[in-house]
Amino acid sequence: MYAPLERGPIGRVLSGIASLGKGLWITLAYMFRKPITVQYPEQRVVLPLRFRGRLVMPVDPEKGTNRCTACMRCVNICPNHSIDIEKQTGPDGAPLPKPAKYLYNLGTCMFCNLCVEVCPFFALVMSDEHELATTDRGGFVRDLAAEKYRLTGKKASWWQRKFRGSDSGE
Amino acid sequence: MRNVTFGNRDKMPPTARGTVPAATVVQPLPSASATSDEFLLNIGPQHPATHGVLRVVVTMDGEVVKDIVPHIGYVHRGLEKLFENRTYEQIIPFTDRTDYLSAIANNFAYVRGVEMLLGLEVPRKVEYMRVLMAELNRIASHLLWLAAYGLDMGAFTPFLYAFRDREEIVAMIEEASGGRLTTNYFRVGGFVHDLPKDFFARLRKFLARFGKALNELDTLLVENAIFVARTRGVGVIGKERAVSYGMTGPCLRASNAAFDVRRDMPYSIYPSLEFEIPVGRNGDTWDRSWVRIEEMRQSLAILRQAMEGFPEGEHRARAPRNIEPPAGEVYSAVEGPRGEIGFYIVSDGTRKPYRVKMRKPSFSNFSALPEILRGLKIADLVAVMGSLDLVVPEIDR
Amino acid sequence: MRAEEALAALRKRFPGVETRPVDPAPGVTVPPQSLREHLVFLRDELAFDFLVFVTALDRPSEGALELVYRLFSHETRVSVVVRVRCPRDGARVPTVSDIFRTAEWHERETAELFGIVFTDHPDPRRLLLPDDLDGYPLRKDFTHPNLIRLPEAR
Amino acid sequence: MGHFLYDLFYRTDVLLDAWRTAAHQSWAMRGWPVVILDVLFQLGWAAAAAVFLAVNALFIIWFERKLAARIQIRRGPNRVGPWGILQTLADTGKMLIKEDIIPDAADRGVFKAAPLMVLASTFLLFVVLPFGRGLVPADLNVGLLYFLAIGGLSVIGILAGGWASNNKYSLMGGMRSAAQIVSYEVPAVLTVLSIALLAGSLKLGDIVRAQPAFGYILLQPVGFLLFLTASNAEINRGPFDLPESDSELVSGFVTEYSAMRFAIFFLAEYTNLFLAGAFAATLFLGGWRGPLLPPVAWFLIKSYFVVFLLIWIRWTFPRLRVDHLMAFSWKVLLPLALANLFITAVLVKVL
């Protein structure tokens, strides 16, 4: 309500006092409610399926290796150039469609999910890892191919449904 | 009191080609004040009331503000330059980061601009989803403003009540997009994901509960007698001055100017929705607060309508894989929580825009601060600055 | 005033009204020296009371800087774009910050980013950039050790 | 034994008097000057007060944090000790081992003295505070005046701290505090005067005894509210916490203080909070008097109830502006206090 102008001087004083009383009443009522705090390290909220944590390149359990073909599309789409790929080379020196090193710079990544979307082989997933603070910047560049990350839980089945068909979007 | 200067002007290297004069960091005090009681107070870049890294140098006479010089640019990241070297889809996550409280509105404005350049029609469902998300985002942003403003005014309790409600919205947005603040949810032609299955159930629950919570917040802060006494008639800016300063959003509407991009430069499905545009009468700090509270109520109404008329369909139009709009230019504006968010995009027909100019509401709103504030008290400085709802990365870009 | 009247009056005053592709707002190009009188006319006669933004475009191939003033009318809800072309070297444009107060900061920003001098500006200090930065970042030929271009797509 | 316990809790004055008399007699018999014994007694009181001050601060800080958390649907401290009750102890330990920073430009002597000045003024108030029947270091016959006079002394420490920090925010905080405490002293004095009129004495013990069973609050409802408001303002707590309003003045007069010196300010602030509650309880709620429970328990219950009220108010309202604060004192509280005093005087005379 566009209140304060609507009343006369006495009405304003009275409504002012009433507003203070109402405020006190609200806070008093809250004293008897249950806290809504989530006791963080022990209790945790359930992360939604689409949560965007650190980028991982999970091992496909059927293939026993990651799904990357070093097609460079993620490198090209990354707005911050946080990804770089070194391809494996065959005996004749020609590059193979496999990453020798998949370098991911956590320090510049902004968790935008563009690399995951652009990947035609579903090789990348944004994991649930979000406690990423460290005291050492040196650990920011990681080789995801060497990491051999095992994706588990709901996210794993969501991810596997994407390339095994029957993708319902969830 | 000593005349204080900040930085040493003599040591600064000459500016390039000498056309733009080197900055004088602090305007010299008027000569009359050198011997009087005035003194300079440096507020920021690290100060509890500046909500980020901005700095105002205030000439004070006791507790009264005589003059105020804002300094910005502490978080200037040169985004507009970065955009010239990014493809159209790469820019979307950056638009989140210009204003972390209204990432969705920024996504919306930018994506809509690119779609206009491409001549792309988006499905009806996408429009509804966009409006739903934008209004949720508006409520979340206003709630955060209310919370932070309560802190500015010395009331800590509304902060946590507002955050409880905001958390619900943010969780809904997170479930849909995967991000809480920097959502990066919009894509050219639609959305990256469809809405999650239980989205409407959650939304319904939220709508049923939030009205009462909002009334509580209203009573606790905005209607409170102390709050009213501190904000009523403080920091007045008239309609003409507000328009001349380019103010938009709640700050302008508080000054009795009924301008809302949603109605006056209609976009998306807003013309088919019914909502009121709350307008203040005096343009003072209380009006700016009241307008935001009312806007949240209107957003609830919009959410209800959008939920009822929500159509079936695709969540993404068939957009070309490589976005290469034809040469041209476009200005796409949406009503963000802080006012008109506009993207002026110039395309030269390549995959990267020739120029993207971001017109950000906080920039213009903040530029009016010296005018609003002159002659008020230092406590009013906090009240007025808070009521402008500044987001510093948006000012600096 | 209605939108059609405003547009008709605009066409009458500026015969060279052009509409660039996609953006529906009519655009007029005016010389720098008459910018102020045109803006005053637009504001006072045609009720374009709201300066949305001021910016510039660098056109190195044409050796020109193109200033863009976008106006909007709260009354008629019509937008208009006023463009000013000036040479890249020694660009001087009169300030409009007394006509639209918001132009003060927009001009300060444009000045430091593009290297344009707004004559008679009341407060010609830098706004966003550090004091020791050389060059004008939004010009296309700007280089800086910290400005690293993304590698081109492989 | 049962008698002794009963006396200890319910008739402390008799017990103390008997003990003191006995001590005096044996002291005098040895021919030692009695003054020394009296000084020793006072030192004992001081030690007791110091212990109470520390324990009370531990409790009251925890109490406020917990209550504020309840109001804000949070849990509050819950990690150190059961229900987090030892949190304050942990914080104190942290404060003690932190680096003590004194700004280069500060006036070192004054800077160091300021926290002690504030603490001393609150500490001295314990002299006249009747905790129970006879449980008072010195029931001065000008107790009420003493309370008002010494209570106002803290302004010197705050102003000194604000000045000595050589920081504009600190100075403004100090100046605000000076203006605020001095202004709110006036309605406080006038309200307390009407109590003195009713009781016919300035001695706090007499005032407690003179009160009807339900306290003076029913005779002086307006007076109670006035006193609560004024003392809330005098102890610089929200919504009157302008001297250290964190959103405007960063931290006001404590901006430059750190480590132990900050802790002392903090201790004084919370002791002041208790004292405001204790004096309100003594003057308006019947002090230590009450049925069944021992007087000390009644006194603490009443004091902490007023403290609860003050905390509740603090966590509900936004902060006042400095000129509103002054206007409120001089234009609202002062006339109300005067009217209250006048009506009380007339009624006392007539009835």
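Here are a few things to note about the model shown:
We call the chains A, B, C and D, going by the order they appear; numbering starts again at 1 in every chain.
Just so we're on the same page, a contact is a pair of C-beta atoms (placed from the backbone, for glycine too) under 8 Å apart; a residue touches a chain by one contact, two chains touch by 3 or more.
As the structure is a computational prediction, the values presented were derived from the model and not from experiment.
Distance from each chain's C-alpha mean to the overall C-alpha mean is smallest for B. Ranked by how far their CA centres sit from the centre of chain D, the chains are topped by C. Remark: among chain pairs A-D and B-C, B-C carries the greater number of C-beta contacts.
Mean C-alpha positions place chain A and chain D at a centre distance of 51 Å. Each chain gets a centre from the mean of its Cα atoms; for chain B and chain C, those two points are 23 Å apart. Rounded to whole angstrom units, the spacing between the C-alpha centres of chain A and chain C is 40.
Between chain C and chain D, the centres computed from C-alpha atoms are 64 Å apart.
The set of chain C residues touching two or more other chains comprises 150. Shown for chain B are the residues in touch with two or more other chains, namely 86, 157, 161, 164, 220, 224, 226, 229. Within chain A, contacts with two or more other chains are made by residues 20, 23, 26-27, 30, 36. Per the touch definition, chain B reaches chain D in the complex via residues 39, 41, 47-49, 63, 150-157, 159-161, 164, 220-221, 224, 226-227, 229-230, 377-383. Residues 20, 23-24, 26-28, 30-31, 33-37, 39 of chain A touch chain D in their complex.
Taken in their complex, chain B has these residues touching chain A: 86-87, 89-94, 97, 157, 161, 164, 171, 174-179, 182, 184, 192-194, 196-197, 216, 219-220, 223-226, 228-229, 232, 280-281, 286, 290.
Those residues of chain C lying in contact with chain B across their complex are 20-23, 25, 49-53, 55, 57-58, 68, 70, 72, 74, 77, 79, 90, 100-102, 104-106, 111-113, 115, 117, 124-138, 140, 142, 147, 149-150. The part of chain A that touches chain B in the complex is made up of residues 2-5, 15-17, 19-20, 22-23, 26-27, 30, 36, 48-52, 77-79, 110-114, 117, 126, 169-170.
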